[in-house]
Amino acid sequence: MIELDLALQRGEFSLELSLRSSARALALFGPSGCGKTSTLLAIAGLLRPARGRIAINDHVLFDGRAGVDVATARRNLGVVFQDARLFPHLTVRENLRYGMPRDATAQAFDGVVQLLQLATLLKRRPGQLSGGQIRRVAIGRALLRQPHALLLDEPLANLHREARVEVLEHLRGLKREFAVTTILVSHQPDEVIALADQVARIEDGRLEALESAETFGASTQSLDAPHRVAAG
Amino acid sequence: MRRISGMAACLVAALCAVASGAAIAAAPPTIFAAASLQPALDQMAQDGLLGVPAPRLVYAASSALARQVENNAPADLFISADERWMDDAAKHDAIVPDTRSDLLGNALVLIAPAGSHATVDPAHGTASLLEALGSDGRLAIALPDSVPAGIYARQSLVTLGMWNALQPRMAMSRDVRAALNLVVLRQCPLGIVYRSDAVSEPRVKVLATFPADSHQPIVYPVAIVKGHDNAESRTLLAALQAAKARAVFRHWGFDVLAH
Amino acid sequence: MWLDHAETVALALSFKIALVGVFCSLPVAIGCAWLLARKRFFGKPLFEGLLLLPLILPPVVTGYILLIVFGHHGAIGRWLDAVGLSIAFRWTGAALAAAVMAFPLLVVALRNAFESVDRRLEHAAATLGAGGWRIFFSVTLPLSLRGLVAGLALAFARAFGEFGATITFVSSIPGQTRTLPIALYELISTPGGEGGALRLTLVAVIVALLAGLVAALMLLRGGTREAEA
């Protein structure tokens, strides 16, 4: 259960959002500048809302009235940033292991590595990876944290066509294999349709609609959605 | 080189005089004087004994002053705390030789902070000094290779057979006033400075005076700096040797040498 | 040997004093630099000003302050004396003087190094569960290593060449506080000491050049490594 109730002010831009979703994968969809990334950062604890309440699966992360503001490090979320943010001085293996809990098993590690096909990359440094590979490592690193929830910020942005297809396939695979609550931010309908169960349309800092992925898909057919998935 | 720069300096001075439109140059004369002369000369300047407006007084270790004078520093008079540095300046042709004379004398004393209970037994100099220094106290002294006060102190200690025992216990300072200060601040239980320094500082007391024949005579030669031999400098030189000036020097612990 | 015994002692002493001084002040410098780079707090400009003081004050003044604080009977000196850890007239005092004079250089270099580390990487580390100390040691510090080494090189050179504060605080004591710059000063002040002065000057120039070279090499390729593909 995702409970988002927050108000944010950044300069002249103001965001006010209130929604409840029991979907396993929720997408925040809207054009750039609508406030969806800010929402994600607020959930991660990197932005402080002016007021509100954020809770995921009964874990309260922020509650303005009760004075609760859990530190980012303790929110137990896996965040995949749009710019990946792999640690350039660490190998892929070290990056992957960075957030792993102490009691995590070798199997858990191997499982994610296999799923995302990272085995051949483990000894490399981020500087030696392609765009798609970087994105996959970032996803793996977030997953290996074994978080309560996964936050994905534009997971397919700025990727070449082949990389988009590759990463999208892996994300689909993840959705099948891992039962982790996911919040996905995107401005591209095809990503949303492929990965989300429910979609929150956001525009200009306000929630426009909360609908199922099918409903969303139908309403964006006219935007040549299948064409976009294929061609990227 | 000195001649050219001396001429250039004169030319510039002449231009300045013309530009000012007045018959007399505007800048007051400058005396480079050894650090130990500060209280005496400052008082003289204040009392107007050195002319009006008072000359600019620059104090430093004689070694530093000598080197600067040798490199055309804008000084009119140079008073050194020892003959060696004046000789050095003369060798570099930085002074007017026939204006050189021995202006003052001084004595070397052993001092302690004013509240100290230390005493010194002249018959057992080394032992009593070491006792006064305690287990880790140091003897404050000016650098014995380069600063006149340090050079005289070494001569005395060597003559008296105390140098070897005391050398490892010394703290050597940039100039004699820094050594004096270490005793004033009670950083060092003993120090060797000029009698004139001890006289000017109520926070230290004299434990003993080093025999005058244990070191070379402490002489303060004065001379006019080459290229600055003019009426003004000569007047200033005479003022330093006048009766009123001599009284001030004696008051501050110096010996005035007869001519 | 090209240098005589006294000169060699002074050279070795300078190395010891500068190394000990700079490395002992490194943790403090890191702390101050990190505060300046990452935190906002009341009185920050005053704090910055205080850190820069040794750079602005005449060295003799700094030496004098050290003398009345850490010397015998000083505010801190008397406690040090009481427990037998006196630094007055000792090489440890010279190390403190050198460290204080080099401190602003070190802090400025470290601060620049920390500021050049992409904070977004630090945020990413936080989302992965790393607390403040872990973020610092696993992300910030490794990525600012080049700037750190450059800062150390410059601070070392400054500490090595320190003169005014040292001689005012701990005087010149062969084998304890008579560093290379002080030995050089004494030679310059002695008629006929020009030969030795020249030798020591050459040594000082070589040390400074080497330090500058290290700093330049570190800063040449450093700085933007943290940007990802």
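Going by the order they are written in, the chains are A, B and C; count residues from 1 in each one.
Here is the rule we use: a residue touches a chain if its C-beta (ideal position, glycine included) is under 8 Å from a C-beta of that chain, and two chains touch if they have at least 3 such contacts.
As the structure is a prediction and not an experimental result, all values here were calculated from the model.
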Touch graph components, with chain C removed from consideration: A | B
Central chain (by mean CA position): C
Whole-Å gap separating chain B and chain C, where each centre is the average of the chain's CA atoms: 36
Computed distance of Cα centres, chain B from chain A, in Å: 80
Rounded Å distance between chain A and chain C, as computed from the means of their C-alpha atoms: 46
Of chain A, residues touching chain C in the complex: 44-46, 71-79, 81, 83-89, 98-99, 101, 126-127, 129-131, 134, 141-142, 145
Chain A-touching residues of chain C, taken from the complex the two chains share: 120-121, 123-131, 138-139, 142-143, 225-229
Residues of chain C that touch chain B when the two form their complex: 67-68, 71-73, 86, 88-89, 167-168, 170-173, 178, 185-186, 188-191, 193
Chain C-facing residues of chain B, complex: 61, 63-64, 67, 84-85, 88, 136, 138, 140, 143, 145-147, 170-174, 178, 182, 185-187
